[in-house]
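Here's a structure for you.
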Amino acid sequence: MAEPAESMLDHPLVPGPTSAVEKGPWHYGADYISVYFRGDPSHLSGLVPHSFHVGDGACVAYVCEIISVADSALDLVSTHPERTVYREAAVGVKCRFGEREGIFYPMMWVTTEWSLLRGILNGYQKRLADNISLTKLHPLNPGLKPLSSGIMFGGFCIKGAEKMLSLSVSVKKPGSQSDLPSFGATFGLRRFPRTEKSQAELEEPVEILKSNSIVSDVWLGEGSLETVLDVGEIEPSSGAIYKAGFTISGSRVLRP
Amino acid sequence: MAEPAESMLDHPLVPGPTSAVEKGPWHYGADYISVYFRGDPSHLSGLVPHSFHVGDGACVAYVCEIISVADSALDLVSTHPERTVYREAAVGVKCRFGEREGIFYPMMWVTTEWSLLRGILNGYQKRLADNISLTKLHPLNPGLKPLSSGIMFGGFCIKGAEKMLSLSVSVKKPGSQSDLPSFGATFGLRRFPRTEKSQAELEEPVEILKSNSIVSDVWLGEGSLETVLDVGEIEPSSGAIYKAGFTISGSRVLRP
Amino acid sequence: MAEPAESMLDHPLVPGPTSAVEKGPWHYGADYISVYFRGDPSHLSGLVPHSFHVGDGACVAYVCEIISVADSALDLVSTHPERTVYREAAVGVKCRFGEREGIFYPMMWVTTEWSLLRGILNGYQKRLADNISLTKLHPLNPGLKPLSSGIMFGGFCIKGAEKMLSLSVSVKKPGSQSDLPSFGATFGLRRFPRTEKSQAELEEPVEILKSNSIVSDVWLGEGSLETVLDVGEIEPSSGAIYKAGFTISGSRVLRP
Amino acid sequence: MAEPAESMLDHPLVPGPTSAVEKGPWHYGADYISVYFRGDPSHLSGLVPHSFHVGDGACVAYVCEIISVADSALDLVSTHPERTVYREAAVGVKCRFGEREGIFYPMMWVTTEWSLLRGILNGYQKRLADNISLTKLHPLNPGLKPLSSGIMFGGFCIKGAEKMLSLSVSVKKPGSQSDLPSFGATFGLRRFPRTEKSQAELEEPVEILKSNSIVSDVWLGEGSLETVLDVGEIEPSSGAIYKAGFTISGSRVLRP
């Protein structure tokens, strides 16, 4: 696991515990509802930066709830719980950087400022959603059946007057991590454009540094999806729900 | 379990699936962070309607996340997940109605319209919060320790510029349902005041009709609490976290 | 102006200044974007309670921002500004109660709890929206033209994953209050259904008691509208923007 | 007015009209409630980057509502009104960069993503608030007195469980722009830290490029303020309300 750079400071520049982004690495535990589909590569290239090359059209869309803590601020989970829970919706496109295979997410909506800014620093194309909602079951709710074939999961992402994404998964059978499509590396683009000529600007393709990956509670099934992103025609898709944990320590610049 | 009244209609008066309140019974599954404390009965009587009599000062405060579905609309959990998840914060006071012992909640804040209006119909003194946040752990998050002695849980409720309630629990050891203080019945007050002399008005003390109660995953510990409700001086308190499930079919009018 | 009933108490039952509804009368100042249209009476009757009779299909839809203060709590405008500003979106249908002409609003979405509960007490079919947005101009914004022919106004109301209503008005020329379609009285239905047989219930058609009405800054133009309410086919419509002020002291029960 | 750089692109990298930041210049019209105070320079230096030097302790705090449009997307005011209205709260500290006098805002909270990200690109230390509320009057509200001596204005900013800032102004008499304390230039710090050693990073002190400034409707009075920012002891302060308009075309890098 790469060390976060010594020079990394809080962002924006604010002393103390109310900073937007704590020092990493950052740990994640998430409950996913994912839909795997094939989009039209000629449309998908419009969603991916020039340094990446779209593959065969394989894509994923998901909504999830994430519990996240910075290694430097584990106490926030009890002292500032609003800094440790968010929901996320995203569309990812399989692509290559040179010989390296991975996934680039043209859009990743989140529900909190800190996940927005932290993600942008790491190279994710994050945006803030007004509402991300997704199916949650509860083991003690007397009206809900236990997870079994036929159970439906759904979720959506709203921003302004638009439904950015909605999806559903009808689960059929338990599975394991190896049943989930694999996309390779997670790509990103760190980017800080200038607003005037005297300014510096920054744009660098990156690979997100993920470690400690673990997946559990996989159920496989059928998925359906609508999104405002222009992915072209969507081919019949599969879906899955699962839990995942991982650590992100930053992102490494990709050199051609 | 009592039958919901035949005449119960949606509220407000709106045809179809976008009504605020679906036909009950309603099923609940919740994750609680609770603090048990003793308030000052002379202050507590100011928080409870005249038909109820405050007991020895025993009280509870909690924050929780609830997954809730109406028996008449179980599909909402996947088609409208935003109609099935909410967070709640409340303060409850042990009291009596005649010989019957129970708990009355002077204030119960929630995060969604449908839990607000449904609760008011059943006799809860519900209000809408701007933000209710609480500790959530995730089994796969590499930065979070498994539940064990010393783990802290916290939560708060914000409305406008005020922190209505904040609490924390430091868990010490696993427990069971029988370790949790018991308050008896759940009391309420159905109330629809008039705004002009020609109008009817309605005010009736009720007992919430709960069934299917089940509790699990209890951990016991120490609790601390701050609230804007005038409960008098707060005596050293205990705390607990646990999961609970139950069904509410309505509420029955209490007759003296 | 009718006196608010002596017996009117805060609602829900909470002592002190954090109650949901202050004692009226309540004063309003609003900026409206309104679209006037004709719906299909056979569809509109599905949106209106049985005691009212739909007229020729004349309807209005609007979005607005409202500054509102209770006569008993004028200080809230500075001490609790969040208790004095809200946004509202609504669809209203012209109808009759006996010989009396007026307008009934099958749905009125608002952005705050206090306008929701106060409205329900007075007989409005209020619901909480997730987002109501509308065009605001500012006289000093260097990029915005002064109000003149061709200026466009728009607004929308989002709840969950649905766009409940969106509308736009292209203004053409200044007008006056007499240019705005008039609907007569404002009707409502005070309604508090029961959730169990032992409970009382309450349902009474009312007329909202409005006084002090004043309108200014009227601009007339063309309007367009989309709504999820089933109003039938929408006939070509006109639109207007204007400011209005009024006082509501409660609502009077309508007797056949 | 400086030209926005040719190379400026949307951010984050998203094709089309749903980008977070439209191409500038950006035009603003705002209604301010401002409190002018003196903080303790030894505390204030902790809030300002090293390249700036705190002056005599003169500071301002404000809450405001802003109508803002990008020159490249004026239609958003009617097509996407949620992209043109936000509220802002800030604390600013008088300081110098070399010989140049100006104001640096250690913290500027806003209510929308686009004002957050646009501000960060221009060098503001922006953060997202959960709730910024402020007094609004309406000329037609029958319960509100016209603006006159003694009228109170208030506002606050909430983030998580904290009240970041609350202020009030009691207006005494009309004034003009020349009655308002002047701070000179508006300073900022464009900053994009790295999260790993291979990444580039960017940090440059800037001066915001403001033009088209206009102020009207000034009322002067007394102010009071509370903030979580460590400004030291706050000396008796004055306050003002006013409208302002201006254009921001970007920000120019400050060279020593």
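Residue numbering begins at 1 within each chain, and the chains themselves are lettered A, B, C and D in the order written.
The definition used in the following text is that a residue touches a chain if its C-beta (ideal position, glycine included) is under 8 Å from a C-beta of that chain, and two chains touch if they have at least 3 such contacts.
None of these values were measured; they are calculated from a predicted model.
Compared on C-beta pairs in contact, B-D and C-D come out with C-D as the pair having more.
Residue contact pairs shared with A-D exceed half only for one pair among A-B, A-C or B-C, and that pair is B-C.
The rotation relating subunit A to subunit B, fitted on Cα atoms, amounts to 180°, rounded to the nearest 5. Remark: subunit C and subunit D have CA centroids separated by 34 Å (rounded to whole angstrom). Between the CA-based centres of subunit B and subunit D the separation comes to 40 Å, rounded to the whole angstrom. Looking at subunit A, one finds that residues 82, 131, 133, 156, 160-161 touch two or more other chains.
Chain-to-chain contact here is organised exhaustively, every possible pair of chains being in touch. Every residue of subunit B that touches subunit D in the complex is listed here, in rising order: 130-131, 133, 156, 158, 160-161, 163, 166.
Within the complex formed with subunit A, the residues of subunit D that make contact are 2-5, 7-15, 18, 20, 24, 46-47, 49, 80, 82-83, 106-107, 113, 116-117, 120-122, 124-128, 159-162, 189-202, 204, 206, 209, 228, 249-253.
Residues 26-31, 67-71, 74-75, 77-79, 81-82, 84-85, 131, 133-144, 151-156, 168, 212, 214-216, 243-247 of subunit D are the ones touching subunit C in the complex.
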